[in-house]
Every structure is written in C-alpha cells, then in structure tokens.
Amino acid sequence: MIQTIDISSYSAITDAIRSEARRILSDSTVSAVIGYTAGRRVGTTQPIVITTADEADKLLFSAGCLNDLVVYLTKAKKDVPKSGRIGIVVKGCDLKALVGLLGESQLKRENLYLIGIPCSGVLGSLLKPSAELTSETIASKCCECTDQLPLGCDFIPAVTPAPLPDLEKRYATEIARLEAMTPSERWEFWKEQFSKCIKCYACRQVCPFCFCEQCLCDRNRPQMVEQTPRPSGNTAWHLVRAMHLAGRCAGCGECERVCPMDIPLNLLNRKMAKELKELFNSEAGFEVRDTGPLTSYREDDDQSFIR
Amino acid sequence: MHVDKQKHTFEPKIIAFVCTWCTYAGADLAGTSRMQYPSNVRVLKFPCTGRIDPVFILKAFQQGADGILVSGCHPGDCHYIAGNYHARRRFAAFRKLLEFIGVDLNRIQFSWVSAAEGGKWVEVVTDLTEKVRAMGPMVEFKDLVLEEQWSGGLNNPELQAVYEAM
Amino acid sequence: MSRIGVFICHCGENISRTVDVEQVAAQAAKMPGVAFATDYKYMCSDPGQNLVKNAIAEHRLTQVVVAACSPRMHERTFRKAVEQAGLNPFLCEMANIREHCSWVHEDREEATQKAIEIVGMLVERVKKNRVLPTITVPVTKRALVIGGGIAGIQAALDIADAGHQVVLVEREPSIGGHMAQLSETFPTLDCSQCIMTPKMVDVANHPNITLHTFSEIEQVDGYIGNFQVTVRKKARSVDEHKCTGCGVCMTKCPQKKIPNSFDCNLGMRTAIYVPFPQAVPNVPVIDRENCTMFKTGKCGVCQKVCGPGAVDFEQQDQLIVEPVGAIVVATGFELYRITEKPKGSPIKGYGEFGHGKIPDVIDGMTFERLASASGPTGGKILRPSDGKEPKQVVFIQCVGSRSREKGISYCSKVCCMYTAKHTMLYHHKVHDGQAYVFFMDARVPGKSYDEFWRRAIEDEEAVYIRGMVSRLYQKEDKIVVMGSDISVGVQVEIEADLVVLATAVQPQKGADGLAQKLGISYDKYNFYSEAHAKLRPVECATAGIYLAGACQGPKDIPDTVSQASAAAAKVMTLFAKDKLEREPIVARVKENGCVGCFACKKVCAYGAVEEKEIRDRQGNLIKTVAYVNPGVCAGCGTCQATCPSKSVELDGYTDEQIVAMIEAL
Amino acid sequence: MQKQITEANLRLLIDSLLLKGQRVVGPRQSGTMVLYEPLASASDLVTDELPRRSIKEAFFPVCEDLLEYRKEGQQIELKDIDPARFPETVLFGVRPCDAAAVPVLDAVFSWDYKDQFFLARRAKTTIIGLACTTADDACFCTAVGLSPNDPKGSDLLLTPMVGGGFLVESQSEKGEVFFSTWQDRFSEPDGTQTQALATPALQPLDLKKIKAWLDDHFEDRAWDSIAVRCVGCGACAFVCPACHCFDIVDEGSEKAGKRRKFWDACGFSKFTNHASGHNPRDLQPKRYRNRIMHKFKYYDDKFGQTLCTGCGRCIRVCPVGIDIAGVLEEIEKK
C-alpha cells in the first residue's frame, strides 16, 4: 500500500532557513551560505551558494532537496569560497558525512555554521521531479533513517519532523537477498551492474569522502585500476571505491542517486557498513571520531578467518 | 617428504603476498629444511602485511591468479609493531566485500606463518593449492577482462553470429 | 629502454640439480629489457661477483637481477658488488630460486618453469626500481633522562660517565624516587638510603649532568638524534643558585602540620620544605597551597630569615628548551590504591579491604617508612591509629595484581620478595610479634631470592597461609581478617593489630599523557611498550627513545639498574657516530596528491608522520599535508596501503614495483 | 520519397533484418533503463521512452580498441584493428535529437584528421529515425532550432500515424536503398494523419544572441555563479549525443596490452591537466565555461553548427541539477 509522507513542516523549515541565513549573513557571522534553491523544472532544486542577505529568499527546503551539500566544503570543490565561516544546510545523513570529514582533518568545526534540517525524507530521484513524496518515491536511505534530527548544529528550525511511517528497509532486504545467493549468482548480479558503468565518475564527484585531489583510479604509473569503462576496469573501480569508503561512508547515498546508469552503488557501502558494525562495532554518527575502523585496531580483533 | 607426482589436468596459479620478516623467512626455512610442496605458488615479498593493498589482490585475480595467499607475522610478533593488526582489519573487511560481489572465499587464504614455521608454510601452501585445484580455474575476473560494451566490441557473441552470416 | 643483467647461480648443485639454469638464462635473455643473461657455478664467490661487476661495465647494464638464494642470505653481498661497479645498490634485486624453488621442488620441469617465472617477476620489478640515496641524520650527542629514581639516576650517570651531556628531569623537588623511601632492600637487607644517596650526590656533582627537579616535560618535538624538548621548571619559590641549604627557613616556618607524602603522610612537614633530609638538590620548595604567605599574603617568615635572600615569592614557571639526541624514559611506578577507582581505567578498587578507611590497613610503602630509621617513627614499627606496637601483623599479597576481576591481570613481581622482607624487618624489630602472610603462591626466582623467602619462613617464623582474604573489618582496636587456607581447606580468622597490603605496581599517574607527548606506545595499563619483547627490550618503537625501570613493567632494583645501564648503552651506541645512516627504505609523501586526511598518521606506529603546511610565496596557507620523517620511519608501508590516493609511497616497495611483479605473472 | 508501414510490418522488417544476419540496434529495456542496444528480436523494441544514453555510441563507442602490442626481448610487435570488420548495422527508432547529432559528429571526425574508426562505422550504418509525440520538461529541441520530427541525420524518418503505423520519409540515398531493398514491407501513403507532435515547453532560444554574448565574455563573473555547483563529473557529456571528447590509453602490462580509446569529459579536473602538472582549466567554472563555449561558440565558429540538439539528457542526469536550457536562457537575457 502506498503511503503519503507528511512533509507539511517543510514550508516552516524553509522560512526558518531563510531568516537564519539572512541573520547570519547580515551580521557577518558567515561569509556564505550553502543551501538549496528552486530549479527551472517544477519540483527540482539545485545547490546554491549565497553571499548576501538579500539572496536569503532564494533558499528553500523541499522533498526535492536530495543533494548532500557537504561535498561543496571539501577540497574537491576549490571554487566554492572558503574564506571565513561558511553556513551550510544539512540533513541528518549529510551531517554524518560532515562529521566524518571533521574526523579526517578536512574541515574545522569553527569555520562552519550548521543549519540542521528536521527531515521527514526526500525523493529518491528527480528523473520525474514533480512526484509526491510517498513510501514508493521516497529515497531508499530515508527508509532506514535513524537520524531525522541532526545533532550538534548551530541552528535547527523549531520543527519536530513527523515520524516516518514504517517503511520497507530496502537496503537490508536487498543485502539479505544477495547474501542468500550463491557466489556465482552474486557475481552475475554485480557483473551486470558494473558492466553498465560508463566511468562518468558522478559517484565519485558527489561523494563527500572522495576528496582526494589525485584519485587512485586516474593514475597511470602504475595503472592500479584500468581507466577504460570496460567491465573489468569498472569492477575494479567500484571495488576500490567501496574499500576506500569502508568505515568512512556516512550513508548519504548520493553515489547511487546520481548514477546515470542506475547501478545500486550504495548497496556496497551499506553492506560494508553492516560488516564493520558487526566486526568492529563501528559506525558513522554525529560524534567526531579520531580514527575509523580501518585506521585503528584492537589486539583482540577477530581473526577466525586467518589460519 | 615426497609429493605425489601425479599429473593434474589443471594446475592453479597461486599468488602469495607475504611479509619479509616472518612468512618469507618461514618459506626460506621450508627450503633449508628441504621440505617439498607444490610448485604452483609465486611469492611476492613485502616489508609487512601492513603494506599489502587490497588492490593488489584484485590485480592478481585479473592477471589470472586462481588462488591467493596473504601471510604475515603472528599477532604481537610484527616487526613493525602493528602492521599485521592493521592488515588483519583491512582484510577482514575486504574479504567481506569480495564475498558480497560473488568471489568464492575458498580462493583466498589468510595465515600467520612465523619465521620458525617452515612446516606451516608447506601445509598452508599445499592445502590452498589442492583446494583451488579441486575448485578449478578462477574464471570470473579473466572473463571480465574479455568483456566489452556492445558498441566497442568486435568479438561479442552477437557479432559472431553477424560475421557468420556475412 | 632498460639494460638489465640477469645472473643465474648454480649454487654448486643446490640450484642446478633441480633447475635447468641454462634454460633459465636463455629464457631470461628473451625477457623485455634484458640485455645480458648468464649462469655461473657460485655467483656469490669472488669470481662470481666479478662476473657481475664486469658485465655491468661491458654491457652497460642499468639494473641487475641475481637469481640465486634468498635475499635474506646474499642481498647485501650483491648490492655491495653492484655498488662497487658504479650502480646504485638498490638497482639490484635477487630472485630466490633456491629456498623458494630448487630446494622445495623435485620435478625438474616444474622447478625450471617456476624459476623462469620468478626471474621474470624480478626483471619487471627491477625496471621500476629507483636510485635510492642512503639517508643520513645528524645526531645531537646529548641525552634527556626523564625521571630521577634509581633507573634515571643510573642511566644518567652511565651516559654522563661516557662523556656525553645529560639533562635529567624529575617531577618531585628531589631526585631519589621510590628507592629513597625504602628501608632495607632484598635480598641482602642493606640499607636503601646508604646505597642510594651517594648516587644522588654523584648526579648533583657530575659536570656532565644538568639537573632539573620540580620540573616536567611540556612538549617533545623532533626525532631521533634531533629532539627539541621543552621542560617546564615549576616555580620553586626558592632561588636554587642562592640557597645554601642551611634549613633555617624550615625551622622557622609556622606551618608545621602538613602531611609529608614522602613519609606516606605519616610524618609532618612545613610549608617550605625538602621532602627528606638527604634530598638532592638540598634546596627547599614552597608548597604554595599550604603556605600562609600565598594563602593570605601575610607571613614571609622564611624570606626574612633567609640569609642569602633565596626565597622568591614572585618566581614563575620557566620553560626551557633542551636540544637532545636521545631520550631515556624512567618514570617509574606508583602503588595501586585500594581507595581509587579511576575513571576509564580497568581498576576497580577494593571495597572489601575497607576502602582505605581503616587507618591500620596500610600499603607496603607505608610499612617501608615505618621500618626506615629515617622515617617518621625513627624505625620503630608503630601502627598509625594509636602509635602502639602491633603484635599480630597480617600481610596480604597480590592486592590488585593477578586479579582479572579487579582489573589487573599481571604479576607485580616485587611483592613476594618485599613481603618476605617485611616479615623479617618486623620480626627483627618486634621480637614477640607474629607475622602472617596470605599468598596465592610465591614467585621468587632470582639470585638468592628463594633462599631469602625460605629464611623468612624458616628462620624468621613468618606464617604463610595459602589463600586469599575475603574480607576484613575493624573490631574495637583489632582488625579481623577473614580468609581461607586452601592448603588445608579451612576458614581462617585472625585478629590483627596491623594489616599490610602488597598492592600492585602501576605506572605513574599521567604516564599516558607523557607517552603521547613522546609519541611512544603503551599498553592498556599505561606501561610503556618496548619495540620487541625479547630482542629490543629497552628500545621504544619510536627511534631514539629508550625505556628504563618500572615504567615499562614491574621490576625490582637489580633489574631496574640493569635495564637503565642497557638503555644508557643504547644511547652511547647512537652517540658513537656523528651521523645516523640508515637504509633508505622509508615512506615519502607526494605532496601534490596529499589532501591531509592523515590516515597515514593514524596508522603509523612510529609517529613518523608529521603535519606540514604548504604556503605560497605570499605566505598564505595552501594546504596541510603529511610529511614522513625519514629519520623516524621504519619502512613498514602500512601508511601507503592506507592512503586512499596513494600519495605516500614506500621507497623500495612502490606500487609500480609491486604491480610490475603482479603483471609479470 | 514517402511511404508508410504498419506496426506489424515494421516488426517483421526488423525480424527479417535479424534473420538476414544484420545487426539491428534500437531502444530496448535493459534492466531499469531503456538503452540503445542490439535487438534480439523486434519485440525488444521500445518506442515510448527516450533511451538513457544517446545513439552516438553506435559510431563512437564508450570504449574501443585501436591496436594491440606485444614485446619480446628487444622487439615490439604491433597489430592494428581492421575497421573493415565492423558489421553493417541498422539503427531503429532513433530520436530526432539523437539523429541530428550524427551530422554534427561527422563534421569533427572527418575534419583534418579522418577518424577511420568513426567513419567506418558510420558508413556501414543506416539510421531510421522516429518522430516524438511526447516530451517531458527537460526536452528542448525546439529551443535550439530542431523539432520533434526533424529529419536531420536520419536516413529514414518514421512518424507515428493516428490509429497506428508510421509514415516513412527517406532523407538520403541510404534511405532510398533501404526502401528498395525492403519494398514489400512498405506501402504507398494513404493520407492517414500523423499523430500530433510533441511540444517541448521551452521557448526557442536566440542562439545568435547567445553566441554574441559568448564571443565577448570569455572572462565573466557569471561563470562562477553558473558553475559553482558543478561537481565535475562526466554524466552530462557521456549521455550527450553530441559530446565527442575521448582519451587514449595503453592498458595491459609491460609485455603485452592494447591501446584503447574511451569517452572523456571536459568537466573532469584532469581533462586538460598537462604532464607538467599545470592545468589551464584549474577550476570548475573554467571547465563549465568550456562546455558552454564549445557547444555554442567554438563549434559554431568552426563548423557552423551548434553542439546541442536539445535532448535534455544532461538536465535529467545532472547530480546537482544544472539545467543547460536554464543557463542558456540566463545568457540570452544578458
């Protein structure tokens, strides 16, 4: 049964973001605010960087605000002004990525002004942008969300998000389905998925954690991963990426959303997150961590797989 | 010790990634002790298991490895204090990833072999070789290397039909 | 294109018996980049090495692969030979076709094929080898010793006697540490102070030793051979250079009732004080918390009576930067307190022993002060509550130690011996008294140790009861000790006048903080970790830092002194050269690609990774990147496998070299 | 020449082609997407959805081999790929916005350097276009001077008729040949009305005015605000029917391998990275500017054509909602 998701609070949130952005820009608390603005097509939004209080009314929050804006704070985005303190609109999932970047020395908390969103969910895709937010159209990450209310922000609109209805945990279901397969069935599944890849690197470019200036996969001495968009190089690329994100990925799901070839990339990341939680009791959250599960160890870590 | 000299139809390619201080030395000991084991294994020496990047394993599979061994110092014995602890976590995670994309984990063995364990080296290598030999060739990655997008390929199955018609 | 020379060794018949060396040479000659390939009976012999050297000249070889035994055997030999022929030694690789091939395979065909493939891998690898220059690091021949107990004193004296400058830093107002507190020492029962104080004086008088007491380590920068250590010299309120140590200030100080921690709070001291009469330096310090002048602004008696005018109420903490080349850490131990359950520590306290609320339940160190001739009771055993001589004393061993449920699983090593010593000292002083000892088992290995322990039982009449005490409680002026004697399986109840707990030896408070400043590792109890438990027991994994004494683990005095001298010897070995030379197998950061996530720093066990700021010509910060200090890096390469962009690369084991080998398969 | 064909005959035609061993490529359901892919039978053909990727890959594959190499001793052996091996192909159901891009690509691939791989495939391909009767809010062919039934690039153009079947118009010699080869399947037009064409919402853009602004505004602060949100992926370029940048790389080992050509995108930060490490387009606004300049100025300067057919794919896939039509409107207003 398709359920409608209650997003009636989004207009109040939009108002609150605007007035807060106006305030922090006019009193020079921040030099810029990164937020969402309306796109030309109905129901779409796009990221915007505003630097004056007059522009505050361009900001909004809606079910079409899919992007994880945190990517704009990383070194991969040199062109976003980074002088002074920057205001940024973050959903709970986005904030976890931001917290991860704080732990990896990519950002300094004092240089940020966080405007948190009490989020009721966003759409999974903007291919059909005017869709209503329902249990069908909602993003998969929202179905498993436990962080509707971001913690530790400088400002949060005084709105309590309506609790999400009981939604099917799509990733958990899909991971369980794949886990139940034989290895060769799983290989066939992923082979088909990876063969679709055209190496547009949208997954990498939107990922807050892909902040490397020199991606391993762009290197040719040595060529660790084949650069060409052929099934072999594609598989290596997605495995390397999953491995590099293991223990870091905060689950914003942007890689999967932006993939023009519909590859379920977040499935890999969710699977790794699940395993690292089980193995090392480590998961992304709102607390800044000095080390991740793969940059630390315990002497009594599991080694049942080692002879 | 004499290895049975029967000839097999399939001889797997086994690649071993080992640390220089423990497992490489353990393999040396197996040699000085004149122990015998299958000749399928090719050893790559690293300073420490901490240096072994999962990408190398992918690369080895793409290059035609049928089985892979990663071996280093026992916990607490690392020449570099903790390299093997980091490796242990890294590979605990990586093998889960490989499993998830459909690699049969029987093809990858992790072990601790100390400089004194020449015998264990022989056992580990022999067991892995025999196990992989029974499993047959690792075709998945090799097949991938031959795969193409439809538009770029000249040897796709559908094109073969076209050529035959021509 | 490369011009590689491949040299196949027969190793007598060791290789050629199972490997067709001629065929290997013939196949090697066909490998891309190979300009010359040959085989020879004994490649490591002089003629064999000359063959390599001549071929380098004759065939203008750019790289060399020697296919012979294990590189662990002869890599140095051939690299040296190659160097003599004018090539960088790191352009030579060995293919192990003996230990890994001819000796472990019998089938000639298979072994030959494998040898060819091994050579092929090394040929591809050596193409990617780079010229690596030897790394040299200058050495400042000046040592820092942290901690002025017997370990620090011994290490400082040894290094100073070897002619090197030593900076000795002690947190307390005087050096001496715990050994100065002890009465007699096992197994000889000689007076601790009698053997300790001359060494303390030696330190004070040694021309090569700079002593900073009442001082702590503020910051440590640099690396082996080149540390910059900032020492905080706390305000003593007494000018060390002016003070003559006459002691008038102390006799006149009106504040006389301050418990003296040196005497385990049994004796009293003044607000201006030296912790004990034989203190070095013999310069008092004002305890600002208890001084009337500091509390109320009125008094100043000490200043008035001080002839040389040494008392200085205005004195401030001083920061002194000491350049040193090596550091000996000798911060010692403290005793487990049954009252404390420190937050975040595994320690759980001992509620069943009264939480320290029963005055006549004391620890071993307190007993030492009671037994000491210079102690608060003048060497008489008098119990703290009423000053009476105890007639029944119960000693309880393993309080804290070897008790997983209380949070400490290790053995404190010294307690069995000192408890035996305590029973003897007690018996000597209270002839009609009876000592009981509850023990799990006696751990008394060591020269004359077992004899000593037996003497306590056999000659000095101590009653040893095998079992643990379950509970003790105050009953009028007695302490009822309830325990079990497991050797006979009965419950025991003793009405004691005094109970002495052999509490566990723990690292000093703040040991973890100091370790973080030094960049050395420590275990879950905060004992400092040696680089290798067996083969490098006095070195830290962090190059240039050495360990002495109980900060590394519980130790008695002989072991402590031995380790201190060993650490000193390590320092002297380091100082024997003007420059430190090391193999250039170290990690290097490619600053172009580094984004400063410092994953490398997180996984580096050696603290070799530093943060480096990159600035443009105007001085604006462009980015902060990782920098690997080649003097500190040990070359494990864990950083490289961790770096997502591979912006740190381990020379000698670069991705290019490894991938080339994999691709050769 | 004009003819018409019933839906059933069209499908029979496709199956006949396949039976003859001809390669037939058309829109087909591939997992969650519709893509141009070789059809196994006429029933694979999907005619109601614009494929996610454009038809350009029929001539300019995502990745293709150019040569093989092998080294032994001091010898290097090279083996060329023979373009004559490319099979004859019929492309069915190509949308006008895709077909219109093919002549645009012809211009660049047969300019001073004749790209034998592109041209060989091109020569062996017949393009059968299909006019659009529906459009979504990203479609803007009419805004860049094309139309939902634009014949540009098609050898034959199909237009759906009321009540089923298609009106077929030949646009080239290849189209005529196709008619004559398969004449049994077609019939003469009976005057049935064609269905109403799609009507993309965006008003026609003044491309001359836009180019005039671009001519003068290589340096302009507007680029910063337009491109600040661009994250530098290649999604737009890769789904674009007209983008044609590629890179060449050798893959394999020291001993043997292949030289390959594969899609590249001007949005990538390494696109113009020099071997020295210097990058003239060091920031994303410069890269995005190049994208717009190339499409609406440089290509026009050189070949008198616009490098955009208004298919709207880039708008649909852009991760950060960059809307090239919106950008053009903005420039037009300046």
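A, B, C and D are the chain letters, set down in written order, and residue numbers restart from 1 in every chain.
The working rule: contacts are C-beta pairs under 8 Å (C-beta built on N, C-alpha and C of every residue); 3 or more make two chains touch, one makes a residue touch a chain.
All values reported here derive from a predicted model rather than from experimental measurement.
Compared on C-beta pairs in contact, A-C and C-D come out with A-C as the pair having more. For chain B, the chain with the farthest CA centroid is D. Between chain B and chain D, the centres computed from C-alpha atoms are 43 Å apart.
The distance from the centre of chain C to the centre of chain D, each centre being the mean of the chain's C-alpha atoms, comes to 68 Å. One inter-chain figure worth recording: chain A and chain D are separated by 31 Å, centre to centre, where each centre is the mean of the chain's CA atoms.
Those residues of chain A in touch with two or more other chains are numbered 216, 223-224, 229-230, 294-296.
Residue positions of chain D with contacts to 2 or more other chains are 62-63, 253. The set of chain B residues that touch two or more partner chains comprises 59, 63, 76, 82, 86, 90, 148-149, 152.
A complete topology is adopted by the chain contact network, contact being made between every pair of chains. Contact residues of chain D toward chain B in the complex are 20-23, 37-38, 40, 57-58, 61-65, 81, 85-87, 253. Contact residues on chain A toward chain D in their complex (touch as defined above): 39-42, 44-49, 67, 71-72, 76-80, 126-127, 129, 192, 196, 198-202, 204-206, 218, 220, 223, 226-230, 233, 254, 257-258, 260-262.
Those residues of chain D that touch chain A in the shared complex are 30-33, 52-53, 62-63, 137-138, 224, 227-229, 231-235, 237-239, 247, 249, 251, 260, 262-263, 265, 268, 270, 282-285, 315-317, 319-323, 325-326, 329. Chain D contributes residues 71-74, 252-255, 277 to its touches with chain C in the complex. Within the complex formed with chain D, the residues of chain B that make contact are 63, 148-152, 154, 158-159, 161-166.
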